[in-house]
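In the two complexes that follow, chain A is the common piece, with chain B as its partner first and chain C second.
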Partner chain A sequence: MTATTQPFALPRTFEPRPVVVIARKVIREASRDRWFWLNCAGFAVLAGAITLTAVPDHNLIGSGGFGRTAASLVALVQLVVPLMALTLGARYLSGERDSGTLVFLLCHPVSRTEVLVGTYIGLAGSMFASVATGFGAAGVFSALRSASADPVLLVRLAMLSWLLSLAMLGLGLVIGSIARNASTGLGMALFAWLAVVFLGDLGVMGTVVATHMPVEALFAAVIVNPVEAFRLASVVALDGSLDALGPVGTYAFDRFGDGMAYIALGVMAAWTAGAVAAAVFTFRIGDRI
Partner chain B sequence: MATRTALTGMLFAGALVVATVPVDPATAHGTAATDLQDLINAAVPGDVLTLTPGTYAGGVTVDKPLSLVGEGWPVIDGHGEGSVITVTAPDVTIEGLVIANSGNRLDREHSGITSDLSPRLRIIGNRFENVLFGMFLRHAHDAEIVGNEIGGKDLFIARRGDGIRIWQSTDVLVEGNDVANGRDSVFWFADGATVRNNHVEDGRYGLHFMYSHGAVVEGNVLERNSVGAFLMYSTDLTMTGNVFRSNRGPSGYGLGLKDVDGLTVSGNRFVENRVGLYVDNSPSKVDLYHRIESNVFAFNDIGALLGSTVARNVFTGNAFIDNVTQVASDSTGNLLDNEWSHEGVGNHWSDFAGYDADGDGIGDIAYEIDNLFMDLIGRYPEMAFFTGTPAARAVDMASQTFPSLRPEPILTDDSPLIRIPTLPMSPLAVESASRALLFLVSLGLLGAASAVMAGGRFRLSDPLGGGGAS
Partner chain C sequence: MIRVEHLTKAYRRNTVVDDLSFSVEGGESVALWGPNGAGKTTVIRCLLGLVGYTGRIEVGGLDARVHPKATRGLIGYVPQELGFYGDLTIAETLALSGDLRGLPRSRIGEVLGAVALEAEAGKRVCELSGGMRQRLGMAVALLPDPPVLLLDEPTSSLDVGSRRRMVSLLDSLRGPGRVLVITSHRVEEVGMLVDRVLALDSGRLAHECPPGELTGRLNLESWLHVVLPEAQTADALVHLWASGFDAHENGHGVLVGVATGDKLSALNCLSEGDFDIRDFEVWR
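For the complex of A and B:
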């Protein structure tokens, strides 16, 4: 089991047990954290409100219109989930450091890698809970209120949102491991949120206006953004194509077809893996505890 | 004429034919007709050939006024060669048959039923299976095509034939047909057609009118085609009470209009299309106005898309509900040459942010579309890739906040309707099958969420870092 006899031996093998223990500790703490519950409730209320208000009289329309509700949910996720995940990741590590619990934890026979991976898994579990709560609430309201909605689609969107949150959580942990204290971490997380949600797209838009860049370059510039990868994967899940997104969408779907969804998933997975690896690296080399 | 029923006993692929014909017994028993073509050849004009269940060889030609009536779905099988039934005579009726397996040469227009010089042709209640073209009628004035089911070949869409193609035929009635997996349903030079209560799905152009004047199109459901209906170069058309749903694809429209003069579009539903209504150069005559009245445009990517030079369309009493873009111009121009309210009755806009202080049901301020992001798309079409992103919203918000960035409005409705106008019930059944399942799945998500959160709360059996073995 763990190397209790040599607590400070580095490098130390990576073992699953402390990781699980730390992950559970993180989830337990999240369930006591009022910010977490506020996030959770806020997302659920917004998702429920979208479902309630976006579905007009379906007898008039002859359609449940869940496609539009789902599109609104996607827009909500784009805004809210990166914000939640980035701030959660950034706040957690730097907060632990501020309160001294990180020092206490690292006194135990656990490696920094185990602490970080355990923290990541625990936060990922909490994010799963809040995403599932939001989509669950939206689904319940939709079932009570409107007539038709595809449950498979609901679960798919929930999973895509969670994937997005995994990538954002990784980034959050990178920030948390380099930020000096919790408030710096929070500020950096907010800036990162601004960058992935707004500035990236606005930058590409500006480039389009300035240079009329070719569609291939535009597509490549957009898809590397995990938030955009999430959006494109969701649009494919909703519409089965990207026709709604003009010439670039048509190009992307003609070029990659159903592979489009895998590209988007791959981008989110790559961000997740890259961010967690970077967080492990920055956390391990960090002298600060 | 003395008529009696004779049982023409014959076995052809297990089929038995009962012909209600004026029969010369000597002929009937002497030559012993062996296939459908022989029966047709043997019949005299005005005969009713009643076919019993079984399979008959296709590739037949009906060259005299006859009725072919099936009982118990006899199959006319073209065996993948040519057209199954060719009609070259007036007053032919084809009813109750399964017409299957035409050839698949597009250049030869291999069809279930093909006809020429066949006025008053009646095609009633047949099933078309695996045919390239369903029916291709030429010079079939006053034809009636009623209650048929037409299923095309499983081919790439441009390789398929048309479910229904009418050529140079006036006053045709097309009613209650179900057309699936075809290419188009085309009316070429077919004046005075009545197209009513048909269901066309999964094709390219659900209905396509070329140079066909005076058609009445009502109560049809056109869904999941590339284009629901495209009307081109035709005049005096009436589109009433149709449903255009989920017609998508890169150039997908619910209803497309090109060079149409004289048109009424009322009581239709445009739902979940890429573009609900697309108007290109219609009306083209300067003294004509088109009324687009009491339609619902809901959940489309673009509710109505008009060419920037389009003028003289009068939109009144329509409901624009939750379209990603309610109305757009296809380039940079505005749409102010059209009327967006008529005699004090505008349209309902789900994103109208005004008020109705005097309670007369008409908004007290005008509804305007002056969307900077749409304006950008007009100039840089690639920008459509960002539709619906927070960044696109930020662009719009910036233009609302800083008037110097705000583009000229593309339309102004002076009398927006506060409430959705009352419309007849939708002919579409509301799908409710997945409701219970959705409820369960949603509860499952909530359950999974609480399970994860509860997972952290279990008291651990051993302290941090300490294994059971230590």
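For the complex of A and C:
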């Protein structure tokens, strides 16, 4: 065997081919991973259970008899999807480091940015499958029960849930790129989940009580949290009144009207872009392999 | 082919590679030799651009810091600890590596033949023995037919038979146009495989010499375990001490400290004293 020594064109810093190869590898791995199937099954079971047990209520929120089910699904997504996405992102990257497969990837002619973006796209694909499974189960059970499910509404909610998962996945990858190992990454992801889902809410409530914060500031404090942005966008998607969310909802509806959905979507998109950019940055500057 | 100038790498306050400079010409085989912690693996990681560093590294005329992807395109690398995706088969692992490099699938059959893994192509990586994993690592490194091969302790985790086969494979890879850089702490292996040794000590270049001169330059010491009849052990110790050897009783014989290039002297000493040498082995 003789070595290849002929001249070659210098590769660009960022090329789509290795990104696609890595994304495909991540999706194939996810399809063989028991945690992925556990996530899908768990989400499907919870969504199905909510659909079967929710009582139709025309007065609660929009979209007729499906309103209560949809609202319950929103509450479920708020809790479960950030947990799934944060732990997936954090566990995946630090797990690659633990098993030595990160060195396997990085000793090829690929950049760290390509590895991270490919990983992100692959994990986003597997999150899409998890969310689709959950909402698919909700749709099937709802149709079996009362035939009142609104498929367009379900698709809207599923897409919003996926958008929320994209932001949380980016945050998970930031954690994965700085965590020393997979177990530390998992712990950090759980803390981030608590902060985003519970502590953020409690912090805002405490600040309101302590400082008598004006409603504009309260709205700003709420909307910067991607989970709250998802909730506001979902309520708008359900054709429900933002009054259901208290004074902040009333203010948002009065101030922004239908534009509220775009603001919420913009917040989630900004979180996604910011988190992925931060993940690329932390992954590139570190010596950890 | 490889030019390293004033390479320095520190992890916080711990300097692992300290102002190291060397070059390797095309077709040359070079060993980075040194004890654990000498900085051998870190040098390899710097060559691959896996970690940041100060100084300058050129591979094939390319600045590794400016063109890290292109540099890695010229290098085949076998790490000391092989990290593969356990649920992939050998063929799938090579396909993944080939796809990352944009190589045709036809290369897979060629390298599987070169490392004698054709029959195992469908086996999952998690089912492979240490020797097979090492050969898979070689196959991944050889897939692009690279002009530079970096091998980090390629035989450290192998049994005697696998080690012999690996050394034979590595020997067959030497040739014009290809650079082999091997890290090792085994003097005997270094002697068989390389043209030149760069001996590292605490991240600095301590010696640069042909492999045959390494033991003399470093005053390396080995331990010879000589098996003797139990009744002769005490007398043998006295005889060895009288001849200036550092010797101790050990199990069914004596343990004698000898210069690595002069192991026979201890055996000759015992033989001249009419001791019944039943067996011996070298401990390093």
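Quick note on the criterion: the second predicted complex is superposed on the first by the 264 of 289 C-alpha atoms of A that agree within 3 Å, B and C clash if a C-alpha of one lies under 4 Å from a C-alpha of the other, contacts with A are read in each partner's own complex, and residues count from 1 in each chain.
We take it that a contact is a pair of C-beta atoms (placed from the backbone, for glycine too) under 8 Å apart; a residue touches a chain by one contact, two chains touch by 3 or more.
If you're wondering where the values come from, they're calculated on a predicted model, not measured in any experiment.
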Partner chain(s) touched by A:Val26 [first = chain B, second = chain C, both, neither]: first
Which superposed partner A:Gln78 touches (first chain B, second chain C, both, neither): first
Touching partner for A:Pro18 - first (chain B), second (chain C), both, neither: both
Partner chain in contact with A:Ala129 - chain B first, chain C second, else both or neither: first
Partner chain in contact with A:Ser99 - chain B first, chain C second, else both or neither: second
More chain A residues in contact [chain B versus chain C]: B
Touched partner set for A:Val110, first chain B, second chain C, both or neither: both
Overlapping contact positions on chain A, where the chain C interface meets the chain B interface: 1-2, 4, 17-18, 21, 25, 29, 108-110
Touching residues (chain side chain A, partner chain C) in the complex: 1-5, 8, 10-11, 13, 17-18, 21-22, 25, 29, 32, 99-111, 287, 289
Footprint of chain B on chain A - complex, ascending: 1-2, 4, 17-18, 21, 23-31, 54, 56-65, 67-68, 71, 74-75, 78-79, 108-110, 122, 125-126, 128-130, 132-133, 135-140, 142-144, 147-151, 154-155, 158, 197-198, 200-202, 204-205, 208-209, 212-213, 215, 218-219, 222, 228, 231, 239, 241, 243-250
Contact set on chain B toward chain A in their complex: 243, 245, 248-250, 252, 269, 271-272, 274, 296, 298-299, 301, 319, 321-322, 324, 350, 376-377, 380-392, 394-395, 420, 423, 425-446, 448-450, 452-453, 455-458, 460, 464-470
Residues of chain C that touch chain A when the two form their complex: 11, 26, 45, 48, 50-52, 62, 67-70, 72-73, 75, 77, 79, 81-87, 96-97, 99-102, 110, 114, 140, 142, 144-148, 173, 175-178
